[in-house]
Each structure stands twice: as C-alpha cells, then as structure tokens.
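In this document, chain identifiers A, B, C, D, E and F correspond to the written order of the chains, with residue numbering beginning at 1 in each.
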Amino acid sequence: MAYVAVKGGAEAIEESIKRLTYERIHANELLELETITATMRGMVDQVMSESSLYSEFLAAIAIKQSEGNVEEAVFLLRAHRSTLPRTYYTRVVETNTMAVERRISASFKDIPGGQILGASYDYTHRLMDFDLIGESKAGMKEWVSQFLSEEIETTTNPDLTTLPKVVEYLRGEKLFSQIEDDNTEPIDVTKQSLQFPTTRSERLQVLTRGQTGAVTSLGYAAIRGFGQVHPTVGELRVGKLPLWISHPTEQSDDEENDYYIGEIKVTEVESFVPVSVQNENNTEEMEFEIGYGICYGQNETKAIAISILDHSLEVGKKEYPTQDEEFVLLHIDSVESSGFISHLKLPHYVTFQSKLDSMRKIKKESEK
Amino acid sequence: MHDKPILQVRNLKKQYGPGCADCADPANRIIEKNHCPKCQTVYACRNISFDLHEGEILGIVGESGSGKSTLMKCLYFDEAVTDGKAFIRSYQGGQTNIFEESSQQHRFIRNYILGMVYQNPILGLKMDFSSVGNIAEKLIAAGDRRVKRMEERSKELLEHVHIPIARMKDEPKKFSGGMQQRVQIAKALSNNPPILFLDEVTTGLDLSVQASVLDLIKRIQRELGISMLVVSHDLAVIRMLANRTIVMLNGEIIEQGLTDQILEDPQHAYTQQLVYSLI
Amino acid sequence: MAIDLVHDTQEVFRTFLHCMSRPGTIKNIEEIGRPIGQHEYCQHSIFVSAITLLDAETRFHVVGEQADLIEEFLSSFTYSKVVDLQAADYIFIMKDAKKQMIKEVFKEAKKGTLTNPQQSATILIETDRLSNGNQLTLEGPGIAHTQNAEIVDSEFWIAERAEAMKEYPLGVDIILIDRKSNIMCLPRTTIIHKREVY
Amino acid sequence: MNRRRRTAILIDGSPSFAKDLAREIERNYAVRILSEPQHALTMIKLRETAKNSLFYLGEVLVTETKVQINNKIGIGIVVGNEEELSYELAVIDAAYQGALKETKNWTLLFEEEERRIRENKTTRERAILKTKVDFEMMDVE
Amino acid sequence: MSRLLEVKDLSKSFIIHHLTKKMTAIETINFSLEEGEFIGIVGKSGSGKSTVLKSIYRTYLPEKGSILYNSEKFGLVDLAKLSEREVLYLRQHEIGYVSQFLNVMPRTTARELVEQAVIEMGRPKDEARQAAEDALTHFELDPELWDSYPNTFSGGQKLRLNISCAIVKKPRLLLLDEPTASLDDASKLRVREIIERLKIGGTTLIGIFHDLEFMDGLCDKVYDLQKKIVV
Amino acid sequence: MQLQTHFALFDEGSKKEIRRAILKGVAIPGYQVPFASREMPIARGWGTGGLQITLSIIGKQDVLKVIDQGSDESVNAVNIKKLVNKTTGVKTTIETSEATIIQSRHRIPEVPLTEEQIMVLQVPIPEPLRWVEPSEFKTKKLHAENDYSGAWLMLFEQIMKYGKTATDADHPVLVHDRYVMAPSPIPRFDNSKIHQSEALILFGAGREKKIYAIPPYTNVVSLAFEDYPFEVETFDGKQCRLCSATNVFLDELVNQETGSTEYQCNDTSYCLSMLNEDGITAEVEVAHAR
C-alpha cells in the first residue's frame, strides 16, 4: 500500500525557535541574572507586579529569556506559577508595619513623620545622561563609598517602621469614619473564576495584578472625564513588608510560634476622594472616601491608578466604563488581553470559508 | 358576582433597607412619609392588597414616591418583593403564590401572561432593532418560531397602533416619542397577554399624542378584553381609562373606589387635594 | 500506601466521566490502586472515589452508622472540610445509612441555583448490587434509546430524587458504587421509569 | 527564644550567622533531609486600609526545606531562591524543636545579632531620612 | 307592578378636609319607585337634587340609609353598600345615567361611543354596530355626525348622544340629571318626546329638571326635597 | 534542586478542580460551568481551554490527536501536541480512528466519532449571547431564566434585513431543549455532528474560564425558524482536487499558476486516508503552515 505523508509545521516550529535563540545570543553579549536584578529594578518590579508573583530571581530569568519583552516575561512567570504548589498563606499583613523607604502626601504640606522623598524620579530632569556611556565599575564604587560616608545629621531615634498613617490622623479628626476590621475571608481569583457582582477582595486582587499600562490608562480616563473620581493622594508609601506564616500542622494560633519568612517591597497608596452623601437630615454633605491601591515593587503610577479604579468600582454606577466592573476587571489582565489579541494570528480559514458561503448565498438571494 | 379575579395581590410589601428598632414593627413604626429617619430604610409598598378582574382597567394614582411604580415593578418581577402574595388565575390555576416561584418561572409568566408598557420606551424596546423585530421578540419569547406568521402579526399590530407599514423595518430610535410608545404598546400586546401593566405611559408626551395613546389603550381594552393596571400620577389619565381607582400615598393604599366616585366624592384629605388641584 | 495519586485518580475520574456521560453504563474500578491493605472504615472503591473528587477546596458529608469515623478518615487524607448536609459538595450515603436519612439527604442537599446550577451536590451512594437488569428504565442525554438498570434499595430514594429534580437545571447528580466496585452514574438529566411488576 | 523572633534574626541577620549555627548542629547530629530545598508559593493575605477588609495581594516565591533530627522535624521557609539558607533554617528549627543542648547557648548570640540588625537598620534609616523635606519655619529674631 | 327602587333614610354629607368643614347635602330622604314609573325630584337650587341621583348611581358614597334596588341579575340589593364590581355591572346593564355633560375620550367618534357601551355589555362587535346605528337613528342624530368627534357637537346633539349611549343598553332604570339645563326650547321639546317614548317603552325613570313646566304631565309623581314628601 | 515537570504539567489540585467542572458540565449539557482557568505555557486564545481539559483527562493509555482548522500539521496543532507529549509521554496520532482524545480548533473530523473517543473543542467565546448582551452578569441571568429571545431575534433581524439568516461559523444550538450554546467556531456544516453524537464532546474556554459539555446521544438543534430552515455551507458540484471526496468541508484554494479556484479536503487526515485507500502516493502540502 502506498503511504502518503503530511509535511507541515513541525520543522518550521523547531527552526523558528532556533531563530529566536539566535536573535538573543548572536551578538555574543552575556547578560547575568544578577545584572538584571541589580540594575533593572523598574522592569523587575513591573514584571513581578503584573505576574502577581514576587521573585526577583524568577523575574530576572524571565526578562532574560524574553529579551526584555515585559509582556512575554509576565507570561512566562504566570505559566510557571501554574506548575508550583501553593503551600502556605501568610498571616494577615498589616501595612502599618511597613519599613518605609519613601513616603509622601499631597494632602498636607507637612505630615507627622515628614515627607520623605526616598529614591524618586520625580525631581530628576529628564535629560539624557551621556556620562552613562563611559560608566566604570571603579567610578561606581567610588561614588557609593563617597555617598555612604557623607555626614548624617543625627535625627532623634529614627524609626521608619512605625510611621503614623495620614489616614489615621484624619480618622482621629473624624474626617473619615472609623471602620471596624472586616475579617471576611477573601476570595482568590486564581482559584475561583470571577462571578459578577464581585467582592471587594476580588476587585483588589485583579487590579493589583493588572497590566501597568491598562490600569494607568483606565485610571487616567476615570479622572479625566470618563469617570467621577477627583482624588488627592493622601499618602503614598514605598517600603518593605515583613511576612509571617503559622506552623503548617501545629494547631496553635500563637503568633509567637510563627515563622518569619522575609519581606517584600510594595507601593501603597491611599487616595482621598470627596463624595457627597446624604446625612440624617436628608441634606447633602461632603465626606471623604478612600481609594486604595497597592502593588509589588516600586510602581507608583500603577498604585495611584489602582486607588482611583478601586474607588470608581466601589461607586459602580456604570455611567462610565471606568465604573463598570466587567469592563475594567475583564480587560486589564496582561496575559488575557495579549493572548487574545495575538490569537488573531492563528489561521481562521474555516470560519472565513463559512462566512464566504453565507455572504455568497445572501448575494444570490438579493439578486433573485 | 363570584367570578375569580384574574390577578389577586395580598399584603404586598417592599422595603429598601434592613429596618431598625424604630421602624421594623409595622404596628408601631415611627417613620416619616415612607422612610425611617433613623436607619433610612424605605417602606415603598406597605401591605398592598387588591384584585384585578377580567376585562377591567384598574387605575393606581399617587404622587412620585407613593410606591405605585414600585408596586408595578414588583408585579412584573423587575423588583423582588419583601413579602406578600399574588395569584394569577391562568397560572397554576391561581393556586401558586407567583412571588415564590423561581426566576425561570417568572420569565415564563412575563413571556406568556403579562405585558408591560414602561414610561420610558427605552426600557421596553430595543432601540437599535427594527420595529417588527421588537414585536417579534415578544412573540419569540412566547414560543413562536414562524417568521412569516410573526411578520404578519407585527404588521397587523403596527397598523392597529397607526404606525405606517412602510416604516416597520425602521428602528424605534428613528421615531418620535409618541410613535415609540405606540410600538411599545404593540409589542406588549403582541402575544395577547391577559394582563397588561401600563406605567405612566403618557408622561412626557405632547398633549395631542397623549390623547391618541390613551384612545389606543381604551380601544384595545375594549376590543381585546385585556385586563389592565394603569399607574399614573395624572388624574386626567385615570379618569379617561380606569373603571376603578386605587389612591396610594407613602407606600399605602389610602382610598379605593369607582373612578367617578374617587373624582367626585373623594374621602381622604390627600385625594381631595389631588382632585381639587386637577380642577 | 501503594496508591498512585496521579494515575489512579486519573483512571477513576475517567471512569466517572464515562459513566456520567452514559447513564446506566456500568464500569468497574476494583483494580484501580490495588493492591493495598484493607481500609478500616470504607471499602477501597469508596476511598479512591473520595480522593479523586475531594481536596481542600471541597466540602463533604457522610451519612451512615460510622459517619464520624469515615469523615475524619477522608478529611485527613484529602483536607476536604466536613460540613452539614446543606453545605456539602459531595455527600456519601453508606450502605448502612438509615432509610429516613436517605430521604433527608435528597431533601437537604444543594440543588444549585438557576444562575449557578453547578453549585449542587454530587451524591455517592453505596449499594449492594448494580446491574443492567430490568427493574428500571433510564432515559435522557447519554442514552441512545433506553437503558435498563437495577439498583438495590433504590426504592428508598427514587421518588425523592425525582422531587429534587423537578425544576431542571436544578438537581443533584448521583454516583452509585456497589460491593464489587461497580460504578453507575445518574446525572440530573436522567429520567427513571420504574418497570411495573405483575 | 520564640520562633517568631528567632526566624527574623536568622533571615535578616548576616548569612554567616545562620550558617555557623547550622554547621554546629550538623557536626553533632545526623540530619535527615525529608524534603530537599524546593520552590513553592505562598499567598499573601493583606488588610487594605480603605475599608479594612482582607484580600490576596499575590504570591511570593519561597524556598522550603524539611529536615529531621532525632525524630523532630524542622522546617525552613524563606522568601526567594535561597537553597542554603532554607536548609539552615530547617536545621536550626529542628534543633529548637528537639530542644538540643546547643540551643541553650545560642540565646546570647541571637541577641547580639539582633543588636547588629538594629544598628544597621538605624544607619539605613538615617540615610533615608536625608531625603526628608524640611519644613521648619525661619526663626524670627 | 313591582317595586324597583326604595330609598330609605338616605343622608349624605361631605367632609372638606382642608377647610375642616362638614357640609350636609341631604338628610333622611325616603321615596320609592315602582317598575315603569317616572319620578321627578324637585327642590330649590342647592337642596341636593343631584346628590340623590349621584348617590343612587354611586358616584357619591352614600353616608347613611339604604337604597334598595331590585336587580335582574342580583335580586334585591342595597346600592349604598353593593361592591364596586357589582355596581359596575349594574351600570353596564341595568342603570343608566344621563347629564348635560359629555365625558368622552378625545378621539372617539359618536358611533364608536355608542358601540362601546354595547361592547362593554359583552355583545359582539357587529351586533353593537347595528344597535348603535339604531339608537342614533332613533334619537335623531344627523348621520353626518356619526363619524365625527363629539367635542364639536352642540348642546342638544351632545345630549342626544348621551341619551343614545345610555339607552342603547336598554337600562331598567334611567337617571336623568338636569339633562336639559342648557338647551333651547326647541331642543327641550325633542328631549321631552324622547323621554315620553322611553316611558312608553317601559323604562323606569328618575329625573331632575331645571324647569318644572318641563316635568308637567311627564312624571307620575314628584318628590319634594325640602318638604321630604311625594306630591 | 529538583526542577522537573509534573505529569500533564498541572499540579493535582488544578486537575481535580477542572475534572469536577467537567463532571458538572456533563450533568448539565450545554451549561457553561465557570472554573478557575490556569495560566498555561501557551497564550490565552491559543487553545488554553482545550489544553486544560486535555491535560486534566489524559492518562498514560490515551492516544492523542490534535487538529487546528482541520489540519493535524498546522503549527498550532503541532505545538499543542508537542507540549502534551512532552509532559505526559502519551502516543500521538493523525489517524482519527486511532485517537482516544481529539483536541480540535474549529472543526470536527469527517470520520464519524465513536463511543470510545472524547472530542475536546477549543472555544474563544463560549457565550452565545455575547453579541446581544456584553455583560456577563446579564447573560448569566438570561441563561438562568431560559430567555433566549435575544438569540432568536438576531436571526429574525437577519432575515428581515437579508431575506435569510447570515450566520457563519459558531451558529448557536439548543441543547437538550434547555440551554442555548456556542458550538465553538465550527462551520455550520459540523453542527449536525454534535447532535446525537456517539462520542462525548467537551468544550474549554481558557480566557473566559468556562467548561461545558455535550454527552453522547443528546439532542442538539441548530437555532432556526420553522419557515427558514437551518442551512449548512454547501459545496455543490465541488470535490476535493486530491481525493475527489464530496460531502465534506472543502478549503477554497487559488492555484498560483493558473489563477483558478480549486477545492481540497479541509480535514487533511481524512483526505490522506482516502488517498491511501485508493493506493495513490501523494504528498499533501499544508499550505497554511506559518
């Protein structure tokens, strides 16, 4: 019997992947993972935040593998997390335990504990620094030792882990209502698909893992005109949060017996949004509400945009797309949006043939 | 006369909010108008009971906030009742409290037994679909699967409500308010529902248009014998249409009677005020 | 324990999938995960069924003389939470369950909601014997024409099951397991006719 | 010393600190590795401060090791790709679980390391505070 | 002859809430009516003539007393306490009411108006059409007007249309509430002829008329509201 | 440190969750069961839903066939097959009758499926009402209330506008007289293959996080009005230029040299088996490899 072979894509795929490797390495330059974690802080932070997986080490591998393509790096990390067991949940992290590295408020000129600029691009003049062309290791070393040896004015007992929060100060003033801790168990969107209407925990989780650009754009739209949020940044903090987990099998709830496992860097924003509410006498009154944003690493615009969208979705009147939870939450995920857009590259000739058939028949019908 | 009402409503209650110590007990509740000043709970409908008989038009009149529209929405399942019962003669032999049925059954009742004409045609029509499509939608919902038959029925109804057949494929968004309202009525009538709800159907229309819509409703009722519940804040509309009238205030029925009696011999202070302001 | 969590549960699942897709069809899982020692509280096929379906994300309930012991045993193995009948995703009715309790199960078990009919209980019933005898006739999706079935003690729950299914898509789905580890499934779409006995 | 404080000093302290303690135990006892250092995920549960409700911030990569010394199991979990440290943490945890005699002498060492961590923290914070904006009013004579 | 209607101790007053005032319109009225009789009600302006008719028709809620009516459908009933549904039935089938005012839908023709009255009784449409034409011919409404809107009619034309609507139902009891109030003499005469014809046809009537002359020889008896006696 | 891939990639917890969703899907034919879709090593929209089902049901004994747009050798099909093979070691085939699991995008093979096979279809947009109602909350409610007038109305409007229905692939179907379902973008030609199918058919939408199923021997009816019957794509008078098959779904190709239109079996594996039966030796070029 004769044998008929099919020649197809298998070889082409192999060659395509080889070609990709060639593109990455043909210039014969080696990028160490340490170089990425040490010098690409912004990219590493963005990748960790969008992939919802905190690991500078894995992010660096992903960035290297994807040649610096953030979308692809996020994709790699997300796929990798599907293969890892999730063994623990942390104790509830209270963000007032943050070791602050930067902290500002736009609401007050000065705040208890002070405006601390930390490391920020905000006041750099965005001029190209051509000195970077000839940067040398020796020069770097010298700069650092000079920096560290600079006289530090003695500030009495600095403790950046117990800075008071601006919102607490205003709550003391009764400008915000005191809110009891709400210990409702959150829903994990990675274990249970979104069901509308969503809970607050689902919204915050989707927002924090959202694509930076998408979240920023929608946050911008919400304050520019396609939404109704007019926020003031009450407090923006960048710093490290310590993590604790309880013993996996011991039943004791004694926190003294917890494991400390390390810390993660986050950006946290509380935006103050004036809203009008009806008071007891049925007259309108102004009150502040808080929009909350937090994300991995130092991603300040993203965290602020999250705080705007958080408030937008809490209002949720759907007059604007930015208040429509389905519109916002279903479209900001990097892996989902880039995946579906890119699937348009797949062949569609069967569906196209079907469409052609339908159109030809309609044409015939109208010619009758 | 012992004919069974086509629709019986008993002790229908609808509240927005949880209620508090001051207002939860209906017997000694301290509220202002229809809401509790303390917890802001709104008692939109309180213990509403009435019967709708075959072929009659029952008017419900009251100012905004009286609960009349909420009542209508509850009966059409647009809103869930807080408590109460309702029975429809042609559904399960009138033995089942329709409020306790599932949303699947509610949809069935809406599709087969009820018709609704909203004040705002946007709520009752798909503005971007053809007028004939709009009418067909209701027929489809009621199980019709023949295009030709639905097309014919739509034409017939559009003619009935004086929409030129030449415009049957136009979308309602291209129509005037009065025409939209007439398409909506045609749609609501398409599957011959035994019960039709009309919510402020002439509000916002020009006077001459109002007149033609009212006339249309009356004619339809006469010719098809459909039972109607007409909600309006406008006594003139009620006078034109209703045989019997219920007056609502702050979520309660304060008076009911023959329409001419309500108009000429109103008993309640509020009804008197309403009637005097009409004349 | 010689059970292979990866491949044995896959095999059991495929059996369930086959039987759920073809109500009335009988398949045997006696040999899956063998050989291992006797389980103290329930037969092996119940145990492998449980570890196939249950994990920390699910909630279950056992009805029978030794319910507490079986619940503790399965829970420690799967981390699945033991809950009341009304909240259970999976309900195990053991052979020695009181008949009154079986009726109770069908009354109280989650039937799902119209928006989320999948949020309904799956009931695993242990029975003495399953066969394709002609006591019952089954009809519905998954069955080409009709399918015969014989389920020992089914008279205790057939009417209650029908009552639980009265508003499709609400309902419960059933996995039957007999003493010889035969499996038969009755999804909510299956209509059961009792053969008249003369 | 309780585990909460102990693990914080081991992880935040200098790498050699944990290493030295673990080596001491290894020299005197047989350490059986129950599970090799491996990657896993830990989900972070966080309280937001607008409504004080809880939500999941995301996962963090951890390295986890389990060891056994004299029938006592020790667990080492640490954020990041930290094969060695996670192993050392497990060994030290097991040592404390078994209340091995070596641990009796460690308390002072831990306190010493903790002091060093605190000093470093102060230096770091002072440096950060150089970026604090000074709003003090001009003195009016 | 049998008794069709008996009014016993009928009183009616109005409470005007915003004036916190109670106005008594009629008090302890008593009279009765045999089948086929025509009773006229007289009294000076404001004595409550219309109140009596409206109470019988239930446009006013009777306050005290009873109005016993021998219904074909329900037997002996008290119109003061009868359910609204039953009152509506009687209005559609047994009791007619004619006043000088015309209350109609704005876009309804004279013909449709009369047809409606028949259709409301549950008769088929073609029968209603025939009955309407008969009535309009009978009451001498110019056929040219049949398909126009009644708003444009003269007083006499409106009245004849009103009567047509009432009569087409062949009511057993017809209430005439000053139907001739605004008519010229010629028109009044035609109305008188119509009433005479009704009487001959066996309709029982209660009437209020503005001028007493009109009633002369038409009524079998007259009830004086002030003296509270039948004369 | 051990860095090796688990059998079928997923951790067992993920598989269990998907399996539970599949069983509920089978029990409620045509109903879209929500599940916590995992992120996969291939992109969303590239078959992650189908792949998640395949990886959750597959066992060592299974034989897998993967097709994309009718073709076993399309790059996407090859790629998915490669991933499953790499993580499970199962045998793969292009022979429809040999396979126990067939994962496909946009086609159901021409060779009738059997009781022993499971068909897994990849679904981009599982919601048949999505074009009538963009909100997921509302479409869920419409399904709950058995209100499909929107879907019918769309067809009605097409008839009003064009004189006939204008749907192409993914023509909605009514399952077991209750749920309206998107059959995935298979051509209308394939709709009848789901009705009373001998094989179990599973549908997976990864990005939209839904799984649904059609058990064997289930009534599946393409939505159509009584007086405007459902019509499939027709290839009247056309036949495959290679195997001469008729009554199959054909690809329309332009002959580069002559410029004329030619037709060829879309199901390449079917075409091959036809050719092999005839004893013709040929090499089928897969024109759309890219």
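Keep in mind that, in the parts below, contacts are C-beta pairs under 8 Å (C-beta built on N, C-alpha and C of every residue); 3 or more make two chains touch, one makes a residue touch a chain.
Quick caveat: nothing in here was measured; it's all calculated off a predicted structure.
> Taking each chain's centre as the mean of its CA atoms, which one is most distant from chain B?
Centroid comparison gives D as the farthest chain from chain B.
> Quick one: point me to the chain whose Cα centre is farthest from that of chain A.
For chain A, the chain whose C-alpha mean is farthest off is E.
> Is the C-beta contact count larger for B-F or for A-F?
A-F
> So how far apart, in whole Å, are chain C and chain E when each is placed at the average of its C-alpha atoms?
76
> Just the number, please: Cα centre separation of chain D and chain F in whole Å.
52
> Just curious, how far off is chain E from chain A if you go by their C-alpha centres, in Å?
So the centre of chain A lies 81 Å away from the centre of chain E.
> Between chain B and chain E, tell me the centre distance in angstrom, where each centre is the average of that chain's C-alpha atoms.
33
> Mind pulling the chain D residues that touch 2 or more other chains?
Only 39 qualify.
> List, in ascending order, every residue of chain C touching at least 2 other chains.
57, 114, 116
> Can you tell me which residues of chain B touch two or more of the remaining chains?
Residues 103-104.
> How about chain B: which of its residues touch chain C in the complex?
102-105
> State the interface residues of chain C toward chain B in the complex, per the touch definition above.
Against chain B, the touching part of chain C is residues 114, 167.
> Where on chain E is chain B touching in the complex?
14-18, 54, 58-61, 74, 83-89, 103, 105-108, 116, 119-120, 125
> Taking the touch rule as given, give the residues of chain D at its contact with chain A in the complex, in rising order.
2-5, 7-8, 11-12, 39-62, 64, 75, 77-81, 121-123, 125-133, 135
> Which residues of chain F touch chain A in the complex?
5-6, 9-11, 13-14, 17, 34-41, 43-46, 48, 68-79, 82, 94, 105-107, 124, 134-137, 140, 162-164, 166-170, 185-189, 207, 209-210, 231, 233-234, 249-252, 266, 268-269, 272, 275-276, 279-286, 288-290
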